[in-house]
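Next come two complexes built around subunit A: one with subunit B, the other with subunit C.
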Partner chain A sequence: MNTTPDVLVLWQWGPITLNATLLWTWLVMALLVTVAWWLGRNLSSGVQISRGQAFLESLLVLLLRQIEDVSQQKPRPFLPFVGTLFLFVATSNLLSIIPGYIPPTASLSTTTALALCVFVAVPMYGIQRQGVAQYFRQYLRPSVFMLPFNIIGEFSRTLALAVRLFGNVMSGRMIIGSLLVVVPFFFPIIMDLFGLLTGMIQAYIFAVLAMVYIASATQAQPPSPPSPPTSPTT
Partner chain B sequence: MNIDWFTVGAQIVNFLILIALLKRFLYQPLLTAMDKREQTIAARWEEAEHTKNEAQSLLEENERQRKELRDTKESSLTKIREEAETQKQHLLQEVRTDIQQRKEQWRKSLEREQEDFLRDLQRRVGQETLAIARRALQDLADTELEQAVARTFLQKLQSLTAEEKKTLSEAIQDSDLHITLQSSFPLAEEQKQQIAEELHQLAQAQVQVETQEDPDLLCGILLKAEQYQLSWHLRQYLETLSQRFLETLSDSNREAQAS
Partner chain C sequence: MTTLGLIASVSIFTAGLTIGLGSIGPALGEGRALAQALQSIAQQPDEANTITRTLFVGLAMVESTAIYCFVVSMILLFANPFWNYVLTQAAKTVGK
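This part shows the complex of A and B:
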């Protein structure tokens, strides 16, 4: 069986390859955008709102509260980035209940792409908030000798982000595949349910970690920086 | 476990596109709607607060006006009552005065009528008495009533007490021996002579007698010497009679008032 959808190449022209990862990604994107458009097509600013709008609003408020809890800052500027991370990863993982569907997050390329986005987004938010000098000065803290470790930490956490998500999703699929061989029928269904749970948890962890990194970059003098879980291995 | 770098690039682009799309279709419109709603609610809240305050102030104003009205009403009522009482007293006083005046007028007119009636009565009685007496005397004898009257007067003059005679004599002396003799009829010379002679004896001097006719005496003779008067005439009786009438009427008036 395929552990990663990257190897399922549907169409190729030179270096340009259209594999299952990209296809499923587009489907997930299309689904998200369609649902958002469908539910929010008749937005009302009055007190009487449709159920769809109520659902979207409660989702949005949930995201905003989470972001605010983690960052201790005003959540609005971080919502598009962090919110989209969560929605994309969660949707990708939840859809794995559909037979034949391979979540794009089971591809190391996808998780790497997302991790790289976080890797770029952190200094962007930091510089936007603090200025270039102030932002890069924090790599010299607490002393200049810590600079290499800080840089290594920057890269390693990006790598960890990518591999953690990929590993969890991929391993879930591997377990189900293995169990199908050993105990078919009912037991894999339970594991599938576990897969849904881990998928949601991973989406939450990915988004929260991204937020934690961004928050630590945007807080000039963090009184008590939210301690990021250094090695969550869920 | 290998990374397809083209896929990585494509996924980055995909992710950025997804961010843009969700921002366009999800975050922005929803956040705008929520903000608007919050503003609307805040505005409504403020409006409600404003309205409530307005209502409160209106209520207070209303309460104040009601109180004012009540006070004004009470004071007006008191004033009106007082005025009515004053008016009542005034009217009562006027009515009393009016009644008193009418009573007085009535009493006066009654008195006047009484007097008129008495005077009339007196006159009529006198005339009737005179006429009766005259006719009676004429019927009785040939002697005229005047002669009888003169005789009676002469007898009265002669039958005066010593004291009276003295008084008359002094009065004659005081009037320089000049007396006036009033009678209701022309005195016969003989009668006049008899009286003058009698007076002459009394005064021990020649007395000059002046005769006057006075129908008011009704029937009789009046002798005047300075302050002294001696008379016999029917008017005297009539006056006595009228005096009696008056007394009787007054008594009956008093009885009527007392009852």
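This part shows the complex of A and C:
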């Protein structure tokens, strides 16, 4: 029983190795692109729309509404980034009902990559919205002495984001693996269903937390003492 | 007891202790948060959406401490760096 699919090397040629994480990541991405392309071939703006278009539209509206609720801002600029995070994590977690499939999110490498994307995206959105000086002044709030803590918080929340997703998905796999040894019939299925639920919730939480971090960097700061909402760090 | 045996027994003991102690705090905290959220939903059913969303995000944050403990215990059990170090040292001395 491995804690990470990184060590499961399927194919090796010199320094290039193809492990299970890479394989399943690319397959999930291919699946997402194919389904999106296939459903988006013939979109119509009429009253009669295909089922696929209805599905895509409802998904889009759901994402936009959630982003708007969380950020209290216009959702459109955040949709490509946050929506992609959600769709990728949700798909890679939900596909775990397929036997033999190892969710790429059960590897710390994948989740670290995703968390680093958030780590880079937060200042990018913040600077784009507020300008460089205004954005970096945010690190000096509420006073200059908080600067080191703000910087540590920036890193620790990235770490927390990565380890949380990894830990949840990996623990689901480990628990099912252990239960197969103890009670091989029926009960692992219930834990598998529970794993689907936690996978979905973790995808949602990952996207919402990314959105919360971005929103805390992009919202207009009040100039006067009323303290700005502090960004959660854990 | 040999070094390897000592490392193994301490690692296993600590792994159990880590996950056991580490889940007490988050469990209590999550229980309190959930009870409070249910009470709030009962009082204000219209705000159920916002409360549920905030609850999920908050629970994930509380839970992350338990997840850290779990990851640490998994590292102790399956990817123990000290165990690997002693093994490689032993292999070196045997190979000499």
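Rule of thumb we're sticking to: the second predicted complex is superposed on the first by the 218 of 234 C-alpha atoms of A that agree within 3 Å, B and C clash if a C-alpha of one lies under 4 Å from a C-alpha of the other, contacts with A are read in each partner's own complex, and residues count from 1 in each chain.
Just so it is clear, a contact is a pair of C-beta atoms (placed from the backbone, for glycine too) under 8 Å apart; a residue touches a chain by one contact, two chains touch by 3 or more.
The structure presented is a predicted model; accordingly, all values stated were derived computationally and were not measured.
When the two complexes are overlaid on subunit A, subunit B and subunit C sit side by side with no clash. Note on subunit A: of its two partners subunit C and subunit B, the one contacting more of its residues is B.
In the superposition on chain A, contact of A:69 is made with subunit C only, not with subunit B.
Applying the stated contact rule after C-alpha superposition, one finds that A:138 touches neither subunit B nor subunit C. Within the superposed three-chain model, A:43 lies in touch with subunit B and out of touch with subunit C [touch as defined at top].
In the superposition on chain A, no contact is made by A:130 with either subunit B or subunit C.
Of the two partner chains placed around the shared chain by superposition, neither subunit B nor subunit C is touched by A:216. Measuring from the middle, so to speak, at the Cα centre of subunit A, the directions to subunit B and subunit C differ by 140 degrees in steps of 10.
When the two structures are aligned on their common chain, the gap between the nearest CA atoms of subunit B and subunit C comes to 6 Å. Subunit A residues 3 lie at the interface with subunit B in one structure and with subunit C in the other. Contact residues of subunit B toward subunit A in the complex are 1-12, 14-19, 21-23, 25-27, 29-34, 36-37, 40-41. Those residues of subunit A whose C-beta lies close enough to touch subunit C in the complex are 1-3, 66, 69-70, 160, 163-164, 166-168, 170-171, 174, 201-202, 204-205, 208-209, 212, 232, 234. Contact residues of subunit C toward subunit A in the complex are 49-50, 53, 56-57, 60-61, 63-65, 67-68, 70-71, 74-75, 78-79.
Across the complex, subunit A meets subunit B through its residues 3-4, 6, 15-17, 19, 21-22, 25-26, 29, 32-33, 36-37, 40, 43-47, 53, 56-57, 60, 76, 79-81, 83-84, 87-88, 104, 107-110, 112-114, 116-117.
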